[in-house]
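Labels A, B and C are assigned to the chains in the order they are written; within every chain, residues are numbered from 1.
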Amino acid sequence: MTLLSTRGLTKRFDGLHAVEDVDFDLPEGQVRALIGPNGAGKTTFVGMLCGRITPSAGTVAFAGRDISHLPAHRRIGLGMAYTFQITSVFARLSVAENVALAARRKVRGALGVRRMVARSLARVGLEGQSGQIAGTLSYGHQRLLEIAMGLAQRPRLLILDEPTQGLSEAEITGFKALLRDLSASATILLIEHNMSVVMETADRVTVLDFGRILAEGSPAEIHADRAVQAAYLGTA
Amino acid sequence: MEFGPHLVLATLEGAVTAAVLALTAVGLSLVFGVMRVVNVAHGEFFMLGAVLAWWVTSLIGGPPALGFAAALVVAPLLVGLLAAAADMTVLKRIDYDPERTIVATIGLLYILQQVTLMTYGADARPVEPPFNTRLAIPWVTFAEGRPQLIWPWGLGTTSYKLAVIGAAAAVLAGVWLVMTRSRIGLLMRATQLDRDMALAFGIPVERIYALVFGLGAALAALAAVLIVPISQAHYLMGGDPLLLSFIVVIIGGLGSLPGTLVAAILIGLSDGIISVFFSPTLAKILATLLVALVLVFRPQGLFGLRAA
Amino acid sequence: MSGGGARSLALHGGVLALLLALHFVLPAYHHGNLARIMVLASYAIGYNILFGYTGLLSLGHALFFAAGMYGMGLAMRHAGLGPGPALAAGLAAGLAVSAAMGLLALRTAGVAFMIVTLMFAQAGYLALLYFGAWTRGDEGFVIQQAERILWGIDLSDPGNRYLAALALFALCLLATLWLVERPFGKVLVAIRENEERARMLGYNVFAYKLGAVILSGTVSAAAGAAYGLLFGYVGATFASVQYSIFPLLWVLLGGAGTVLGPLIGTLFMFYLIDLSSGVTSAYMLVAGVVLVLVTLFAPQGLAGLLRARLWRWLP
């Protein structure tokens, strides 16, 4: 079943086509990587999916329902979760409160929230830091906290915007394992620059270039694709 | 008086208001445009200009023109320096955070106003205009099918009022020239476009900010010196210019100098005409509501295209 | 949080008990002052809900304070209502005005929000002057002693007045304490900390902010209505810009986003202004100086300093 699809999705800024006429389908249960050179329109594209950016044209459907005109919070309520490219936690609140804010949308009752917080933090390995103020966490841990917040929403679709950016090699290895673990319970759309993460975790890969879909296929097919190589080399 | 001459009179009075308002509002707009902060104490700098003008003219004595000429130089200069000092001691230290700047300038507003009350007192004091010839204006009527020139009683203005309009226009032209043609104007515009980039290019952003804040206040003070022979100097006189400048700057589009100018002329002219038909309180109610609704529904201003 | 909960209950209960004890020992002058301070601190608590907890800086709260005061006063004066229904009318006026203001002003943010609230409040103040035939404008009007007897209690009596002010303040204080522990209060804090993140967690940020404006406006209106009823005077001064700046000043000084901050700030400023107005007519100078100093050196306010240095659990 298709969980998410777009038709003719387009965004123009002052005549510049950031995203141009994109038809995109994401089946339930898949891990899909969205890659492309800088400025290819990836963040604009996912911004339109979750309602942060209003498209110039086109539609977005989620779980068989047209959500093009729903505001962001309603789309999140339907089962999307979005983690920010630039770490965006509630820096002056505790780690546990950060996750609790995410959990309260889905779980009723203080006890249930506390359980959900504990479970989400345990899955990303932050259970020891739950009392700490989020802004004092290391950068890598703040990214993990972002993901824990995404998990606590129990989403059907988890959109991760460059989750490994700025992480160390060891942290990236840990993240790959976490991602495989997450893929059992949610459909994942992953914007990623790190090709080893894409190759090892994604089921399929979509390549965006100049706001259009350049190619789509299995990681191996994309790896071998001449056009994709050209697009990347062109910007290197 | 008939309607026609009445309208001419209201327009002339309005033109004086517009001229002074344009100077004051351009000062506020300049500060917002370059520094991205709202100076709530702007009206108090206006008030200080008027009070200093009284102080300078009464200190010098002699013919009114002499004292007034001195006030034209001294008052804006002192006010500008004071504002630059406030910028460096207060605004710089809170890193020009937009919300904290508003709170700090509210504090500044009370400090300036209340210190004036303690020193200058609660009286309104006049300043004598340097020259003040009455100029009657002719009007054309048709009597027995032939045009006839008459001089309606009460239709007229003074040479000083015309001079205020001229002086404001000249100063505004000067500001425009400085902003578009001079090196310092270029630096200001560069700072306005991108503060971090300007810093990276070695532009002394802090000094530019102090200069702009001082210049904005000096323009308000200059406007006050020009108007004080027509109205009077009083420690509470800063409220109305602040409100009107806000209206002008917001309707003209925040930070847009041409928009500010157009709005100042429009508001100044209509203020004179509206107050003929409405009570001043009702006019103010409508004006404040207009500002609020413009900000809510059209934040780029009525004339500006740029987003704030 | 658990240890903090008990300690915070003890602290705030202690403060309320102290205020009650002061009723029996204070000399008349300070007794009267403290009654005023508690009503004004309730106004500050209302302001703090929006500014301290939600992060929205309004420059127009005098409109809500005056809505409560005039809603109460005009209902008495022109509709002949008794003090109970008149208080309810004041609350209803505050609710309606804050809902209208919220719906419009919340379409803006930051500096524009500050200016829009300032302008709406100014329009309200001018409207009070314009409709002077009804409101008696600048002069205001007195509420006679006979009209200030609520449930058989004469509120013009200093002792009763003090206890009524304490009851209002206690209610507002305990309500905030309760609010900040509720999910609703926590979402407000989340919006203050990072609005976009809160939206992307699925919260309808606009609805929460509107709720905060209405709650804050209604508490402010309650304080305004109580002020008019307890001290027997309704006047346009209470709608002027100065009365929008005061709660900002009190909350900033006391500590934005702390439960006790509004009381601390109101107490300090009241006595500062009281002392300086004995010396000079330019007493608002003190307000200006404090605003600048707090902005420069103590943006977290007195209670905020306490929280940072001593009691991290302070709500």
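To be clear about the criterion, contacts are C-beta pairs under 8 Å (C-beta built on N, C-alpha and C of every residue); 3 or more make two chains touch, one makes a residue touch a chain.
Note that the structure is predicted; figures quoted are calculated from it, not measured.
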{"item": "By mean Cα position, the chain sitting nearest the middle", "value": "C"}
{"item": "Most distant chain from chain B by Cα centroid", "value": "A"}
{"item": "Centre-to-centre distance between chain C and chain B (centres being mean Cα positions), rounded to whole Å", "value": "35"}
{"item": "Distance from chain C to chain A - Cα centre to Cα centre, in angstrom", "value": "43"}
{"item": "Interchain centroid distance [CA atoms averaged], chain A/chain B, Å", "value": "51"}
{"item": "Of all residues in chain B, the ones touching two or more other chains", "value": "none"}
{"item": "Where chain C touches two or more other chains at once, by residue number", "value": "none"}
{"item": "Parts of chain B lying in touch with chain C, wherever the complex brings them together", "value": "38, 90, 93-94, 98-100, 102-104, 106-115, 117-118, 122, 243, 246, 250, 279, 281-282, 284-285, 288-289, 291-293, 295-297, 299, 308"}
{"item": "Sites on chain C touched by chain B in the complex", "value": "57, 59, 104-105, 107-108, 110-112, 114-116, 119-120, 122-123, 126-127, 129-130, 245, 248, 252, 280-285, 287-293, 295-296, 299"}
{"item": "In the complex, chain C residues that touch chain A", "value": "183, 186-187, 189-190, 193-194, 196-205"}
{"item": "For the chain A and chain C complex, residues of the former touching the latter", "value": "50, 52, 71-74, 76-77, 82, 84, 88-93, 97, 100-102, 104-105, 149, 153"}
